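Scrolling down, you'll hit the structures one after another.
Presented sequentially are two complexes of chain A, the first with chain B as partner and the second with chain C.
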Partner chain A sequence: MRSEEKLGDIPAKSGDRQMTDKGQSLRGLGSLLKRRNLKDLLAVVVPVVIFSLAPHFYSNEILLISIMIYVALAEGVNIIYGFTGYLPFGYVGFYGVGAYATSLAILDFNLPPEVSIIVGGAISALVALVLMPLLRLKGSYFAIATLAAAEALYAIIGNPSLKSITQGPYGINIGSVYSSGGSYVVAVVLLGLSILTVIAVKRSKLGLALRAIKNDPVSASLSGVNVVVERTKAWLISAAIAGLAGGVFAWTITIFYPSAVFDISISVFAIVFALFGGVGTTMGPVIGAVVLYGLYSYVGVTQPQYFQLIFGAIIVVFVLFVPKGIVGLLGTAINRLGSLGQRQRG
Partner chain B sequence: MDSRFVLRLSNVVSGYSDLPVLWGIDLDVTENETLVVLGANGAGKSTMIKTIIGELPLKEGSIELLGEDVGKYKIHQRIGMGLAYMSELGVFPTLSIHENLMLGAYGLKRSDVRHRLEEVYSLFSELKGRKGDLASSLSGGQRKLLGIGKALMSNPKVLVMDEPSSGLSPLYVKEVIASLSTLTGTGRAMVIAEQNVSFLQLSNRVCVIEGGRVSFEGSTTEFENQEVLHKAFFGIEG
Partner chain C sequence: MLFEYAVVAGVLFGLFYAFLSIGLNLVFGVQRIVNLAHGDVIMIGGFASWELYYTYHISPLLSVVLVIPPTVLAGFIIYRLIDGPLSRAQDPEMLSLILFFGVSQILEALVTIFLGNNQRSIPDSSLVHGPVHFLGQSYPGVWWIVAGASIPMVGLVILYLYRTKLGTATRAIMADPIEAAAVGIDVRKVSAITFGVGLAITASVGAIAPFMIGGVDPSEGVNLTILAFAVIVIGSLGNIGGTVVGGLIFGVAFELAQLYLPSWSSLIPYVLLLAVLLFKPSGVLGKRVRSA
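Right after this comes the complex of A and B.
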């Protein structure tokens, strides 16, 4: 019977043949793993090395730190949006909380800035835990609800009646711990950590579960995935990254107002950078943040009257015509070149 | 036949929003048994399967899985207990064949996964050759086979299937039946909701649902001897 022949492949094979097949498939799997390991290693090492050496060639460290912060934010958006499909328009809320929690840990508890930044990340994750019910919402409702939550956090922290705790709308000053070199090193660590986190999520059971959830939550739970728990993990990791990024910003700038760290454009930039580069990929958000933030800074300086128009036009073109981002575009181009080469050889 | 119940439905009332579709279903499935649930479109087969897996809530009655009342359990909890559901829905088109199978083994320890993979790949050789391909590149029939393979990855005690023949050419229906036949008598129970009577060749028992109620339950031989039912499903004189 045809079907039996097709399904029952094992009895028909000789022992030698089975061993050869197994050896070949193991070798294939081994080289695949090696390629994957190398690719992932390069994805972390190359940006970290470039940004570590960059101050020797380019003196604007604030711009370099800003790019690294945006890479981290875009990778954070990548984890919650790229892997689960939840678009967090209010992502800036975690960034602002991280910046304030870091500053207050320095001012009120005299913690070293490096430790305070970790506290900032942890407090942001804690806030994300409180905001967990938002994950019950879907699509634009979730996006709007996170935006409202970020505005609420802004209103709480910037409230004049909380002046004794947060300094309210009058801003916060941690100038006493200013360290240009220190904050740069921590920004590089944040850059590497955020990329490494995306790789770890992608390669883990969590990453597989999140991709299944993005496909269809019901089908994912039919595979035994606890949708609520796995989605919450992504939400907390994503919030912690934003909190760490906010902490690095606070230590870099040292004096800031609530409006600077709860600015909705920070969310928009992080989302656009991730989309531009390619969500769901490791390098997409890195490419997106470096290219677009670099361009944004250049256009903003040389053509300040046009920069919003030019920047907006680029975003519209990419969202409409390159929905998979730069990394997706490159992947398609490489595949086409590969099949063209095969056809020519054939 | 071993009489240990692995799945027991008692007076199950279930449906969509306020409207019940199932009106008091009683059904027992023992281990090592293959039960084919027959019924016309709208009879309540899919509703019953969805209620068993937890996609639809119980309005009344109880469902016991491996002796435990799972009426209030969520889908993933039932799956974690040893229930597996096979449908085209369960296959993720944007994941590779290998990733789909790995997802099927989601609740397993890493040490058990390799063994399960080997077993499933040995059963479905054509999937093994294309393990890196996206599931979306598979034909409808191949997706069904992947769905079965994925469901088997967790080494389930009870495997439930909703119309595994839907959308398949007769050739692929044969192939699906052939692959399922290798699973009969291996200790696990199978519940197959179908309209296609070809699946009766797999069954020990048959349950017929009409209007949300069980109108017949008995062995496959008893079913074939019921002239009225035989005529209704085979469309020929018994």
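Right after this comes the complex of A and C.
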């Protein structure tokens, strides 16, 4: 009995592992792995199915697409912040670059929008590669440096001197390729892809290496983990997701100004959603984005300052008291209930 | 002639930038607190100054001093509240960064809710009438007044740090909090006071900042925070004297960029910040290189 109880306790302590019921973990490692497969499968399939069917019940497609974009962004923040502890304040920079790269691929090279969005993701990853030296910085310097980098990207892309290339501050118009059905499909793909990526990172050697680095970079590097290389991988993946999300936004909206895609509150939203749901978990950012952005779109659009207040409070409260987010909170509650039930049975 | 004008303007603004950033450096130096709400404290100082001017006809120059006592007290209390969680954290520096990012959102939201989303400005005539002539050029009078006010304020901070007992204790904590505690310094109390002083000097610059940045509005915080970061990183983090050098370098670079590359001048703070972080993370005056 004692050893069984210990087995059951392990997932609760290492919070980033999937939460498992006491009863399930007793059946041994084989079923644990199967259960993990099932959970991961559901984590991808359930949101994708729900969002695929949603337009039949709810007509505001733009809102649904926005939620999916924010799920992707929150998952992207999750990959870099949740797994490495590096907080990218300037995450919005990749989103903006993705939106612009996608639009310019459509306008200048007549590429189909779906391909252009992939180009957007690739260009964002390329920009992340250029900004790679930032990863040498310590966490807090990194956060501020990325913010400066995002503002610099905005100042470059929105610069009147580049009017001939980017239209400068006068905005982009890709109305000729507008397709509400098409952009909805790619948004669902983006949603599934972002969740899948987090699962893949989590289960891969990369995820293991990143967790080791986050816990103790010195010990990790002594055990043969190349700290900079592993961090860079997470950084590039996360930037590519933001680029794709920006591309999907561009295709959905078709007319936008640089101020709309380089708005620092996009970073804020993505970070808050990830923190609220729980960083380092698969479903946390999904729950955070759906709940908070849904709430925001119902009450927050007319009076954003109240939401800013709530978001600020969420950051302070969650960082201080609920570092594992809603998912962590639920996991602890389930585990407590489980051990309570077991005690009663025993 | 234009070149001289840009340099003089850069020096005037540089003094102001030093005043604007020194509080951030003070707060960072003591307990490695990254105050991302720095710009919002400046903004609140600006609104306080606006209210005092329009309601009680108090000169903004007087407000520079008036906002200090309440902010020191507020800072002292805030520090006591966050001290516990911060000292228990695995990475206090990172935690403080996210925490104050949340605080910055809260402050911006509260000011918008209570005072509205409009930009407000205080007329230049509240400080000085007419331009100032210097070396055959004419400059807005407020530039000289603000730069003139910045010198004694920055000087007072430096005097406080290097000529008072409390300042010596503060510098001891900056160098090594554990050794400071070992020689009998009440680290918690001195840190709380320094945090309060750091915030107060920041609110204080806010009272005259509207003259230099064209007004005060609730959303100005983020950009001012980045600007202040650029200045203290250039001057080197934790080095209070370096902030003056950082401010002057930044001010002159910005004015020259505005003269020769006007459409790219908005890039200057970000590029300077990134360049210094990447190539000389210890700052222009720094000796030790921070481990990345």
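Here is the rule we use: the second predicted complex is superposed on the first by the 298 of 346 C-alpha atoms of A that agree within 3 Å, B and C clash if a C-alpha of one lies under 4 Å from a C-alpha of the other, contacts with A are read in each partner's own complex, and residues count from 1 in each chain.
FYI, a residue touches a chain if its C-beta (ideal position, glycine included) is under 8 Å from a C-beta of that chain, and two chains touch if they have at least 3 such contacts.
Keep in mind that this is a model prediction, so the values were computed, not measured.
Looking at the shared chain after the overlay, A:130 reaches neither chain B nor chain C. In the superposed model, A:264 makes contact with chain C only, not with chain B. Put chain B and chain C next to each other and count what each touches on chain A; the higher total goes to C. Judged by the touch definition given at the top, the superposed model places A:319 against chain C, while chain B stays out of reach.
Of the two partner chains placed by the overlay, neither chain B nor chain C lies in contact with A:301. When the shared chain is aligned, chain B comes close enough to touch A:219, but chain C does not. Contacts of A:160 after superposition on the shared chain: chain C is touched, whereas chain B is not. Across the superposed pair, chain B and chain C touch chain A at no common residue.
For chain B in complex with chain A, the touching residues are 53, 55, 74-76, 79-80, 85, 87, 89-90, 92-95, 99, 102-104, 106-107, 122-126, 150, 154, 171, 174-175, 177-179, 182.
Of all residues in chain A, only 1-4, 6-10, 205, 208-209, 211-212, 215-216, 218-227 touch chain B in the complex they form.
Put simply, chain C touches chain A in their complex at residues 34, 85, 91, 93-99, 101-110, 112-113, 117, 222, 226, 229-230, 263-264, 266-267, 269-271, 273-274, 277-278, 281, 290-292. Partner chain C is touched in their complex by these residues of chain A: 85, 87, 89, 133-134, 136-141, 143-145, 147-149, 151-152, 155-156, 159-161, 264, 268, 275, 305-309, 311-316, 319-320.
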